[in-house]
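Below are two complexes that have subunit A in common, paired first with subunit B and then with subunit C.
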Partner chain A sequence: MVLQHPAPPATAAPPTPSPLTRRDVLRTTLRSPVTLRFVVTRVLAGIVAVWGAVSIVFLMIMATGNPAQVMASEEATQEEIDRIARLYGFDRPIFVQYLLFLRNLVTGEFPNSLYTDEPAFSVVLARVPATLLLSVTGVALGSVVGLLVGYWCATSRFRLARVVPMKLLMVLQSTPSFLLGLLLILFFAVTWKLLPTSGMGSWKNLVMPAVTLAAYVAPAVARLFRSTIREMEVEEHVATATAKGLRPRTVRRRHIAVNALGPVIALIGMQVGGILGGAVITEQVFAWPGVGQLLVNAVNTRDFPVALAGVILICVGFVVASLVVDLVVAIINPRSRA
Partner chain B sequence: MEPLLQISGLEIDIPTRRGTVHAVRGLDLDIARGEIVGLVGESGSGKSMTAMAVVGLLPPAARITAGTISLGGRSIIDARHQDLQQVRRHDVGVVFQAPMKALNPRMMVGTQLREALLRAERPNLRAAMVRSLELLDAVGINRPMERLRQYPHELSGGLAQRVVIALALARHPRLLIADEPTTALDVSVQAQILDLLDHLRSTLDLAVLLVSHDLDVIRDRADRVNVINLGRIVERGPTLDVIDRPQHEYTQSLVAAMPSLARRRDLALVGLHRPSGAAAADGAGAGGTGDAPVADLDDGRPVDTPVDQDLVPIAEAIDVHKAFALPGGRLPWRPAHRRTAVEGVSVSIRPGESLGIVGESGSGKTTLARMLVGLAEPDSGEIRFDGRPVTALDREARTTWRRDVQFVFQDSTSALDPRRTVADSIGEPMLAAGVPATERHRRVVELLGEVGLAEHFGERRPRQLSGGQRQRVGIARALALDPRLIVADEPVSALDVSVQATVLNLLNRLRRRRNVAYAIISHDLGVISYLCTTVVVMYQGKVVDAGPVEQVLTEPSHDYTRMLLAAVPGARGRVAVPEVI
Partner chain C sequence: MSAGSSLKLALAAEGGSPEAARPGRTRARRPWGAMIAGAVFLIIVLGTVLAPLIAPYEPNQQNLRDMLEPPSGTHWFGTDVLGYDIFTRVLHGGGPPLLVGVSAVLVAMIIGVIAGIAAGSRGGWLDNLLGRIADIQMSIPGLILALLVLVLFGTNLQNVIIVIAIESWPLHFRVVRSHVQSVSQHTYVEASRLAGMGWRRTMIRHIAPSALPLLAVTGTVNFAGAVLTEASLSYLGMGVQPPTADWGVMISDGQTQLGAAWWISVFPGSALLALLLSTQVIGDYLADRFSVASD
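And then the complex of A and B:
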């Protein structure tokens, strides 16, 4: 049992300081931002989430009625429908179908596109780079603008500077993407002829769709960042940092702003997840050849396997995005690393 | 000798919607090098405002309207912002109240220390590290190398406070401002931190401003003391003179309200009567809640009726164990660590008994209390009610158990539903028990009277009450169903000294009148001594000492109890403290 009267501190001569090796310095300065346990837990949770999402997709297919009927053309006879059902195993018991479905997903044996007869996943994957390019650019642009405006509005000494940018962003937030997109096209492409109206090619094609996406992301980021900074300002450790004699700017940036990033990063992650599949409107407006556009076409033409592959891909995208968010947030909040 | 810090005529105003609050009103104070000066007062007295004004950490709304603060002969209050920063950087270190909150949770200890160093002392990582290790060593932290790469949440409260002190020392200050440095810490840790401050004062020739609400801490540690009330110093002088022979009325009442091991048990504490209404609103932000003094409450002498040992205990714990799972292990499927909270504890509370459960944080006292009232279940062992295991109670007996054993929480703010009126909160247990509305109303008014609140308080909501009033509402709610046992977890630790006295007196008076039994969980031996007849001392999940309160507190049988008693502040110059092991 540790029973000691509080010893007079530090009276004993400190142990002779052995010269610090380079290793000592590195060891005490660097520390892995996340534990192995944390990563493994999150990856496992991600796999479970993907499985859950895929199962829900399967249930929804079953709920829409006979998938063979959906896949067959509208004038198909009953015989043809039965043939399709046998071909894809739709006549087997539902549990067997579920297992087959899972097996096919894992092995990549998926029905081909009903129109191009290419493997459905290749069709979707071919569109992924375009979507990634657009969503990463758009979200990055929106986040940077949102973070800057949020920081500015939370810390500026001038009232107008705190209020005006936020109001402007709120106007932007309440403008629907299709309207903003069309307005951009009208002015920049039609009237001033600065940028191409649609398609993908040079960086010029990317500008307007990315701005449209950014306009959707930035306001939410700015508002959240501003309010978390405001909350963080009154934390007691900020007083400690000030009392240490740090410059006010250093305190604001290193001890307030960075600490306030956690919720914002979670928000951005969710936006990325959503935009992977949800930039549908933007992609349509600018004829951007991404996954969203493909999905819309697939649904319209009843290209069942492609739609399915797209949905599954989006689910995986969501899970990966939130996994990344968890890892990044853990760097900012060490208490969540366990 | 020329004082290092000199405050004269300081006035601080806080404009609010309901008018200006004069937080500090013409305050003078000075400290010389190598001297610890105490500033003692209750919350809202302006003591923290004064301390924070010195380092320019006042809340944004607060304005210094008059007076000067000078440090080493140089005025710092009129100094431009940039100058103030230089002052902070070199001359003043600050130690805050809650060490865990005072450190940035995102950064390793080493990073935070490095930041605090003077630029000249951190030309590179290695030099910064050498200096950081020196600092950690100076504040008595063992294994400093490992601490550097730890995050604040991985430190104990005492260690965290040492780190905060190391941060304060990083720039070779001449003045140390310690704002309630040990309020959030355990008694034994408190003694260590205060020892450390004392040690630094003498070795580094520091001037220390020790701000505290705790008279005993000030009494033990300060050379001179200033008593502050409503923004003014009401009494000052050598510490022992002021506290042992107070001249001013306010100091006298403060001393009379302080439960302390050193006072005689048969003396009732005297609650303070705050200036009410306009005076308070004009004063220190008391908010003018109009706490009408109820004379009756002051008769709070401890009750020492003998307990009939033949009676069947109302509540009893027999060899209970409880452990909690902690996240741990390198991989998720490895077994988690388990932390034992309570390990083979047996206690019993008989009718008329008042049992004190004493221990430091992590000793398992709260877990034990929660098990006694059924808020937690033991892993093994048995909780009994009226001699029957609670697991074997039928539906009806369970209801009786829930009604007869009530719980009073530490934090009265979160224990009450903010949207409900006081009357609703007090009436709720009766509603659940099916008491009709008119009867309920009558009983609520009665209960309010019993805890010293006027009838109109029933219409208020929790945030319209002061802390002491809220805690009294919590007690009234516990009394609503006429319980036989009240289990109270640190019932007064969140309250000011004077308010604390009224609540303690209330508890004693209720016991005298209603003959209700208590189990009081507290870290404060003074509180235990005032409220309890028997006491158990817990340490690391086990009961190490038990018996009648006077016996345990005067002739402790266990080393840990002796250590605990020795660590309690307020002993200086009064009784010989037994030298412990």
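And then the complex of A and C:
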């Protein structure tokens, strides 16, 4: 990849090109992996995406017909509803309402939770670390397992070893997270009493939720990695590597597998939405105190301010995660820096 | 949940994947896997449709003397806290997922096909606009969008169907659009136009039929996704509401009783898994058969 950067101007005569000096090498290797312009455009696109998501939320609140009612609790008096209507300017023209909605989001002036009476955003923010811990562990575990299985299934000499793990993963892919979680609880917590059923505390609490989330990530990763490896086997650079006498294993690992990583990372980027959805369900199954569980509880108890804050925060998290994946892909594969 | 696979599907339809182009694999073998999956699928559909006839009990018939009975001759799958017969409720519980799956896929397909034909044949600003909308659509986490809509507009089956349809039309849209674009280049389409056929007739007679296999593939993928979303929402308490029999609700009900009565959630869970798995096997077979890579 380093070789893709323009070589330093050659000073020597064409027949004997000057060898790269140590300084040249350092200059190319220490160069920032992505240009500032690329980062700025992507961040701007991310901000536009967040704005789009927030606008959709706003439009949906408006579409219910009586937004002040939505924001207030069910037992709220007319007085209370009017107060909220004034605060958000729901009695003003819709464009002004929209601007006020955006301003209130930026300044964090969101209505308090209907139950705990704390600011909705701080209630949600308090749950972020738990969700982050779960999703990062789950995705990491799922990717590692997926890559290993994919590599194994693409390269094993035995037909059974190639086919059986893929079939197993297919079953796993069809298993809904909540069902898998339930079966894990049934065996590991209820029957064998190895792990705690729910909650958060020691590392033992993390095992089952992380495995459940990983089971969502691993099959897709394995399938894509396997097919990318097999597509790449016929490429010319692989033939070159074989022709210059490298061991087949080295060719497979250094020249095929490493290059097949790019699409997999892009895939994880595309799956971020699904992973967040999976995290919501996983948190519910294991009573993991994250944003997802809070969101579901808020929806079920009609605590709209918290529910809306949760949705908006998840959208922001989604955009940020996609941004990070985009940057990683760009660093790994310069061709994607369009 | 199928955002990634659907995108790959669209890509594959556009470019034709090397995987599908690889020669050598004979198709002469009987597709045993797909046939078994088809049989399982049929059994589930029949069992659900004929539930009122074959179920041994009423789905909402409480029987407090027989509560939490383990599986036995009288109650094949056992009973739950209220003495409901689980076997009966598993038969009836397939109704909401199948209904939501079929209707959401139909709605999504109608939107996707119309938009896809319009974008693929007309191109220009319309194509750009629809493509952009589809992009935005796919960039919102599906389940989160569903939660938001159901919070604001109420949790009922109709809203669940609408939400899933809105979420999944881009899947059909992308495939149809690229298919129309590529087929329009063919000589026979040009020939039909030269023969004086109108735009609409060309679409219906020459372009639409060749898109049917692709729609069979996207339809199965979408169906599995729709069933999964329905079950997830019901599990979370936001789809079908409790007295009605539904797999997702039953799984969630049984979770609190897992130590005492595993059968309450395990049987509906197995039914759901069987439905999803058979759909996926059928989908993979169709994708393979019609040379569309689905992974």
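Keep this in mind: the second predicted complex is superposed on the first by the 285 of 338 C-alpha atoms of A that agree within 3 Å, B and C clash if a C-alpha of one lies under 4 Å from a C-alpha of the other, contacts with A are read in each partner's own complex, and residues count from 1 in each chain.
Just so we're on the same page, a contact is a pair of C-beta atoms (placed from the backbone, for glycine too) under 8 Å apart; a residue touches a chain by one contact, two chains touch by 3 or more.
If you're wondering where the values come from, they're calculated on a predicted model, not measured in any experiment.
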(request) Would you check which partner chain A:173 touches, where first means subunit B only, second means subunit C only, and both and neither mean what they say? (result) second
(request) Tell me which partner A:185 touches in the superposition: subunit B (first), subunit C (second), both or neither. (result) second
(request) State whether A:37 touches subunit B only (first), subunit C only (second), both chains, or neither. (result) first
(message) So in the superposed three-chain picture, is A:235 touching just subunit B, just subunit C, both, or none of them (first/second/both/neither)?
(response) first
(message) With both complexes overlaid on chain A, does A:332 touch subunit B (first), subunit C (second), both or neither?
(response) first
(message) Applying the document's definition of touch, where does A:281 land relative to subunit B and subunit C: first, second, both, or neither?
(response) second
(message) In the overlaid three-chain picture, which partner chain does A:318 touch, first (subunit B) or second (subunit C), both, or neither?
(response) second
(message) Per the contact definition in the header, classify A:107: touching subunit B only (first), subunit C only (second), both, or neither.
(response) neither
(request) Going by the contact rule at the top, pick out the subunit A residues touching subunit B in the complex. (result) 1, 3-11, 14, 17, 20, 24-25, 27-29, 31, 35-37, 40-41, 44, 235-237, 239-248, 254-255, 258-259, 332-335, 338
(request) Would you mind writing out the residues of subunit C in touch with subunit A in their complex? (result) 1-5, 7-8, 17-19, 136, 139-144, 147-153, 224, 228, 231-232, 235-238, 248, 251-252, 254-255, 258-259, 262, 265-266, 269, 272-273, 276-277, 279-281, 284, 293, 295
(message) Quick check: in the complex, which residue numbers of subunit A touch subunit C?
(response) 49, 52-53, 56-57, 60-61, 63-64, 70, 170-171, 173-179, 182-183, 185-186, 190, 216, 220, 223-224, 227, 230-231, 234, 267, 270-274, 276-278, 280-281, 284-285, 295-296, 299-300, 302, 304, 307-308, 311, 314-315, 318, 322
(message) Give the list of subunit B residues in touch with subunit A in this complex.
(response) 55-57, 85-86, 88-90, 92-94, 96-98, 101-106, 108, 110-111, 115-116, 125-126, 129-130, 133-134, 137-140, 145, 148-149, 151, 153, 164, 167-168, 170-171, 188, 191-192, 195-196, 199, 327-332, 539-540, 559-560, 563, 566-567, 579-581
